[in-house]
Each structure stands twice: as C-alpha cells, then as structure tokens.
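So the structure is just underneath, and the comments pick up after that.
Going in written order, the chains are labelled A, B, C, D, E and F, and every chain counts its residues from 1.
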Amino acid sequence: MLDTFIEAGKLKKLPRMGWLLRGVPHPESVAEHCFRVALITLFLADELKKGGVSINTERALKIALLHDLAEAKITDLPLEAQNYVDKKKAERKAMIDILGAEKVEYFELFREYEEEKSLEGRLVKFADKLEMILQAWEYEKAGIKGLDEFWNALEYLEQNEFHKYFGELIEELKELKGY
Amino acid sequence: MLDTFIEAGKLKKLPRMGWLLRGVPHPESVAEHCFRVALITLFLADELKKGGVSINTERALKIALLHDLAEAKITDLPLEAQNYVDKKKAERKAMIDILGAEKVEYFELFREYEEEKSLEGRLVKFADKLEMILQAWEYEKAGIKGLDEFWNALEYLEQNEFHKYFGELIEELKELKGY
Amino acid sequence: MLDTFIEAGKLKKLPRMGWLLRGVPHPESVAEHCFRVALITLFLADELKKGGVSINTERALKIALLHDLAEAKITDLPLEAQNYVDKKKAERKAMIDILGAEKVEYFELFREYEEEKSLEGRLVKFADKLEMILQAWEYEKAGIKGLDEFWNALEYLEQNEFHKYFGELIEELKELKGY
Amino acid sequence: MLDTFIEAGKLKKLPRMGWLLRGVPHPESVAEHCFRVALITLFLADELKKGGVSINTERALKIALLHDLAEAKITDLPLEAQNYVDKKKAERKAMIDILGAEKVEYFELFREYEEEKSLEGRLVKFADKLEMILQAWEYEKAGIKGLDEFWNALEYLEQNEFHKYFGELIEELKELKGY
Amino acid sequence: MLDTFIEAGKLKKLPRMGWLLRGVPHPESVAEHCFRVALITLFLADELKKGGVSINTERALKIALLHDLAEAKITDLPLEAQNYVDKKKAERKAMIDILGAEKVEYFELFREYEEEKSLEGRLVKFADKLEMILQAWEYEKAGIKGLDEFWNALEYLEQNEFHKYFGELIEELKELKGY
Amino acid sequence: MLDTFIEAGKLKKLPRMGWLLRGVPHPESVAEHCFRVALITLFLADELKKGGVSINTERALKIALLHDLAEAKITDLPLEAQNYVDKKKAERKAMIDILGAEKVEYFELFREYEEEKSLEGRLVKFADKLEMILQAWEYEKAGIKGLDEFWNALEYLEQNEFHKYFGELIEELKELKGY
C-alpha cells in the first residue's frame, strides 16, 4: 500500500499540461484537480440521491480519487500528445502496475470512468469536465487569456444525462463567463 | 453548490504552512494534501473492511474530503499560530459559512474528524498524520533538511487504535527513514 | 536579538494572502511589503517635517519596520479569515512573544500603529494602504485582473488626515488607474 | 516557419520530467537542456575536427537543436512513462507534423540522432548524456539528493566511441562527483 | 571545456530581465531565449541558402549559441541598467575570461554578433529581435500586459537587410499582434 | 515621490543574485533582504544607544532603507559581474536618477553607506553582512549546500569596530553553523 501512496504523491508534482502549455504560470497539479473533482462528485452524488436517483456514492468517490492515478506513471498528456500516443492503452497498463494484481476492484472502478460504463463513472466524468471549466474561469478571473477552448466543454455538460439534475448549476457556471 | 466548489478552489492556492515556514521551496497546497489523505483513507478503509471491521467507507471518504475545507476561509494556520488563535472555534464557524445552513450532514462529518468522534473520523485523522509523515520523507529524499519534528507523529500512529491493523505499513514508513 | 532576526526572516517566506487568494502568481511576501511601507514612510515623514509638521521620523520608521512583525507567528491572515479569528488579540500576544518582555518600547510602537494612537502610527497606516494600492496597480499593469476592491482603500486615503499634505500624491495614484 | 518557432517555444514551458519527478524544485525546461546540449556539441565537434576527425559541425549543431523538438507535441516523457507509450513512434510522427512535409532534411537529421546513424547524431547523443550528468551534479551541488541513478550514464560515456577523444573531460566530470 | 559548460549552465538560472521587471511571473531564462534564437537562425540561414544567398550556416549557428554567453558573468542587464554600465566593454572582457585565451575563434564569432560585422552576425541579431517579439506575443496571448514597447523592434526587423527575404514571416508576426 | 515608490517596487522582483547563481530555488528578493537589514539596524542602533554610543538611529534606518535602492536600476550584480562593471560608479549615477536632483540629503545618506563614512553607514554595512550570513544559514538549514563562502563574512564581522558591542550576537551566529 505504501508504494501506491508514494505513486499518488507524484500527482502533486505533475502539472496539468493544458494550463501549462497555454502559459498559465505555476498551474495546478493533477492532485489539486483530483481533489476538487472528488469534492464535486461528493456534492453531486448526494444531490442525485436526494432526488431519488439510485447512485452508489461510495463507488463514485472511489472512482473520482482513482480516475487520474495512472498519470503518476504516464503524466498528464496534453490533448495534442494524445494524437501521437495511445493514452487509453497506456493508462490501463499503468493502472494495473500501480494497483497491483490483487486490486482488481480498483481497476474495475477506473474502467467505469474510462469507458463511462456506470452511472458513477459517468458522474465523475461530468464532475471532471465541470471542474476543468471552473478552473478555466478562475484563471481568467485572475487575468489569464487564451482559455476559450476549455469552455467548449460546456456543450458536453449541457448535452449530458446529468443536465436535467444540474441544469441550474450549469447555468450559474455560464453566467460566470457572461454567457 | 458552485460557491462551495469555488471555496474549495482556494485550497489549491493555500500552501501547507508547516513546509513553507521550514523553507521548502514551492511546498504542496492544502488541496494536494487532502487528495492523498482521501486516497489513503480509501485504501485503509477497504483494508479494515476486509479485516472484518465495521466501517462506513463512504462516510470516511466524505470526511477526508471535507476535513480541511475550513482552511479556504482561515488558511492552513501553522502550529505556532495556533498558540494565538482559537483554531477549532474558527474552523467550526468557517465550515458553517462554507457549507451553508442546510448542509448539516456535512458539518457533522467535519465534527467527526475534529473531535475524533467516530471510527471514520479517527481513521481520517490517522490518514492525515500518515500522509504528513510520508510527505516529510519525500521532501527529505529530495534533499530538504530540518523536518525531523514531523516524524514525531510516528508515535501518534504507533499508539493509535489502528496500529493493530496497519502495523506493517507503519513499519515500512519507519524503514524509509531508517529507523 | 538573533531570535528576533530569525523570526523576522519568516516574513520573507510568508505570502501576502490577499494577492495569493486572488490568483496572483508568486505574490509578494510580507517582508517585501514592509520594506516599501518603510521606504514610503521615510519619504512621507520627511515631507511632513519640511511642511512644518512635528513628526518623529525615527518613531515612524520603527513602527513601519515592526508593524507586521507579528505575522511571523500568525501569518498574514486574509480579510476573510479575520471574520473567524481575533486578529488584533493574536497580534498583540504574538508581538509580546517575539519581542520578549524587556522590549516594552517596541511593543508600544506596535500599539501606536494598531490603534492609530499617534501621528507616527497613523502615518504608517496611511503608508501601508498607499503601498497596497500601488502594488495592486503594479499587478494590474502586468495583466492581473480582479483587484478592484483594493482600490476602495483610495477612499481611506482621501478622507485621511494626511490627505491635505499628500493630495497630489493621491491624485497621481488615481491617475495611474485612470480615475 | 513561424509555426515551427511557436512550437519550439513550448520547450521553454515543458519541464524535464526526470528532475521534476525526483522533487527538484523548479527544474530546468527542455529548451534549457537543448541549449547546453547544442553548446556542448559545438565545443566537442570543433575539438574532434582539430583532432583530425572528419565531422560535419553544421550537421551536428542542427541535430542538437532539433533532437528534442518533438517534445513540443509529446512532452518530455519520463523513463517510467516510456514503459507504457511507444515514445520513438510518437516522436517520429510528431516531428513530421512539426516540420511539415517539405522539411525532409530536418527529419533526416532527427533520425540520425534517434537511431545514432551518423557520427554527428552519435556525438549529440553523447553530448545529451554528458549534459544530463552535469546538470545532476549542479543540482546535487545545491543540495538536491536522490539523483544517483543519473550518474549511471557515466558508463555510457566511458564505453562510448568518443571516449578516446574526451577521456579527460569525462574524468573531470567524475572528479566533480568524487569518483 | 567543462568549465565553459558549467558557465553556460548559469544561463539556465539567469532570468531575462526585461520580462522580469515588467512583472512577468517566472519569466524565461537566458538559456531558453538562446535556444530558440539558435533554432530560428537554423531555419533562416537555410532559407537564405535556398534563396541563393552565400551564408555560412555553421558560423551563424555558432554565433547564435555564443551570443549571450557573457551573461553567465555579467547577467542579462536590462536596458535601464545599460545607462549606468558599459555593457559592451563588460561583455567583451567576460567572453575572454569564459572562453579562455586559446579560443580566439569563438571570441571572433561573438564579435561578429556584437558589431554586426558579418552576414552571419547580423542574421543572429535579426533572429534575436524576432525571438524577443515572438516571446512578447506569447506572454500577451496568456494575458500579460504592458509589453508594447517590445513590439517597437518590429521596425528594426522591417528596416533590416533581411526584410526582403523574410517579409512574409514579419507580416505573419504582425498579424499575430493584430497590426 | 510616486516614481521613487515605483522604482522601489522593482526591488521586490529583483532576485539576490548570489543565491540565484548557487542554485537556491526561488531566492529572496532585494526588498526582502533590505527589510531585514533595516530591522537589524533598528535593534543594533538602539542597543548601541543603550550602551552609551552616540548614534543617530534615524540616519541609520534611512541608510538601511536606501542602501540598495540603486539596484532598481542596475539590478543586484553578483560578485563575479563586479569584475566587469564599475558597480560603485553605476550605483552613484543610478541613485542620483532615482532620487532626483533635490534629494541631496538621501544621496548623502547613500554615500555614508557606500564609503562607510559615518558610524551609521558602517553600522548598516555590518547589519548587511550579518543579514547575509543569517540568510545563508537559513538556506543551509533547509538543505541548500554550497554556501560556505558566505560564511567568510564572519571574519568581517569579527574584525569590525562593532564587534566589541555585538560579540555575543556574532558568537550565537557562529554556534548556529557549528563553529
């Protein structure tokens, strides 16, 4: 287990490449992003539950915490790099090595996110995109420019199955930007 | 909810003051620390469950994600500063403001951590200290000096109720240091 | 004395939280702020003296150098945090511990600033706010956004007893912003 | 051409991952590494020429400047990541996209480095490893620890075809470390 | 030679002062600037050659790599500082000390740049200014303000002997800015 | 006056080159150094006064605040660079430009430091060296290596006229290092 904790520590050092390549000075780390994705997942899952949706919050939180763990091995490859390497294949192999053979359960949780196989996995994907847009706005608020393309993810959120539950939240997000 | 997500974003900017005051260059943020505390909690809780302990993993994960949220308002006050301000009182007030009146459940979770009231709260406290020691070692491995006092927390871990389940893990941690 | 010098060294590491929380990358430290407050105090005090005002420049300079020293213990608590902790009380206790029992004179100088008790203390408060506005402008000049609320302090300067001596300076400051 | 210059600018932002993952604070960028590799290549090539070796310095310098250009697309993948992605294949594709179809000559130069096909390509590889060891020493000199494995590359240098020309240089390098 | 490589390593640490003084957070280093100047020189020299111009690419590349080496001793003095120190004289002395008495050839190459004595030296000067404008644009693209005066160098480029070969490139550069 | 305050702001951005060139990550700024020099001067001057020495504390504090102001124009030239530029001459010219023709008094204060002409000027020089040694120790305490040569200044302190008043302080400083 200690080895996995040490691997997870690398996420504190690895910068989120999207921001770095666009000139954000001292951008957030993968660990920072994952923290807020997990916190957002917590709130969204509980909200869904309150609304009568049958969701396994524990599973969702686990997926949120594991969803970028593979980057400890392969780093946060920017979109551009994904044209040249098979990121999905790399992530899968890396997850197996990080978790070890016996943690089949965790690898399955990771798969739920990767392939958007379960409601929980898809909720974390939703939280992941929402977190990214929020971060883009926070950088823009402080004066960073050139992050418009991150807001394209709003479309993903609006067309998402969770839009009917979190439409108000998405509207608030759009208002931040001035849409 | 968006407001809470924005508050949580501050944890990405707030440095962990213990490291900063000891001259660690560009120390980890509160969010980075929380991420790994939550991940450690995930693994430890599941391990306990496997060992037959009756633990609510979902509660533990939620506590882990909320346990430092108050710092978005009050910052990560170093130990020294805690001689001059009532940190516990400040955290409680801040949590109420961040969560809002209706999120009584989350405030209760925070209380479970603060007062070590439940098994889940105490597990997160255990994970919190373990994470700190691991981080100290990682800094030392890279050449930072002067972090000996953080290893005093080993005593806390060894005398802890969870020692009987994670004795091997703690031993591995000690071996890293050379004890 | 060496202990006090070592305490003062912490001000080099402590970031000014107002800027940090608004996303200023690598914001100034408390020590950097104090330096310019002291330099501004020097110029303003001599200007007052030239204008026939009876001011003790030595006292004013000492106050400027000591006015944030307590932050070595309690850090630069952001405005938000001051809703949750008793900053004034904390600063007072911290100053006593930093200076030691015998340096009553220095504690008194700090009190002159805190309570705006003397002309010298009030001049340093004036310099402190002026320095903050100037720094806000410098960040804005480099592209940082979202610092408008710092300019509210202009009102403090304009309604200040020193306005009649430094009206031109304040006007120049306003012109920088485009007022 | 401007597009290629803009691509090259990314190398200023991309950190050298080997150092970053070992906790070097604010590690060098790929551009910084490439600069010194090119400068070293300049000196070594001229030295070879003086010794009667038939080397094309212009080719060697071009290879040195182009050898990491692909990282503008795929980033500086750490050794660990190379277990999960086909770096060579990715670099080749990325180089073609960066240079464009018509710059066949530059792609060939890159190939000379990748496959160590020519004396010039092999000299740049030698310079690349030497530069890395020198950088490791510079970090160690400043107090960084845990960089021992970078010194394994000394073996590569000693068994290299260029050892007979630069044996003294390699000895000086070893003396820095204390071998 | 190792000493010269160590001197060159300082260029990785030395910030480009023009950006630093205008508040660019974590500005590029001299080494990063030199890298891209050399790469630009590579492309421009080959382009000239293709157009039938008699240019010695090897010389040009060497000049590009050596042109700021003196800054390892004297740092990148900002324009303002050059009103107070004799930069040209300092650079010349520093280059002699860095290169050593025997490397007369390299000192000559540096002179070709300094005094714009040869086509190669002037090409590197052209590349140096072009690189600076491109970097200014990249900072502006990310949100930095206050860099207008760097665009004055466009005039230098347009009135330059190389304008007839690279007019299109300069136009593209202007279009980036919106001219 | 505002112009001088803006000039002084540059000292917040300018790194202390001695540390930077020795690989200290994110070294202190000139402003941070000046702050503590001034604070140390405050304590030392008052101590001297208590001991019956006739010292003008106000003059000493002003000198401490002005002593590096010229660096706003010429930067903090490292020792090495001072072999190539006439630092004293540059500083003098720069000070005149920063202060303006009418502030003759401040220029005189600067001269007292530069030429160690007065007791106050020499006390600030003493504080300046003491501050540097203390900072070196603080970096070493955190793990930085290679700063031994800064401790040579201990000799300067021990042979200094102020040694007879601050012998104990200097001894405490030596004990930190282990002498």
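Convention: contacts are C-beta pairs under 8 Å (C-beta built on N, C-alpha and C of every residue); 3 or more make two chains touch, one makes a residue touch a chain.
Only a predicted model underlies this, so the values are computations on that prediction, with no experimental measurement involved.
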Same or different residue numbers at the subunit B/subunit F copy interface, by half rule: different
Result of counting contacting C-beta pairs for A-D and B-D, higher pair: A-D
Subunit D and subunit E, separation of their C-alpha mean positions in angstrom: 22
Counting in whole Å, what is the centre-to-centre distance of subunit A and subunit F, each centre being its mean C-alpha position? 49
Shared-interface residues of subunit D (touching two or more other chains) are 23, 25-26, 138, 143
Chains that touch, pairwise: A-B, A-C, A-D, A-E, B-C, B-D, B-F, C-E, C-F, D-E, D-F, E-F
In their shared complex, subunit A is touched by residues of subunit E numbered 25-26, 138-139, 141-143
Partner subunit B, residues of subunit A touching it in the complex: 1-2, 4-6, 8-9, 11-12, 26, 28-29, 31-32, 34-36, 38-40, 42-44, 46-47, 57-58, 61-62, 65-66, 69, 105, 131, 134-135, 138, 169, 172-173, 176
In the complex, go through subunit D and note every residue touching subunit A. 10, 13-15, 17, 20-21, 23, 73-75, 77-78, 80-81, 83-87, 89-91, 93-94, 97
Subunit A residues touching subunit E in their complex are 22-26, 143-146
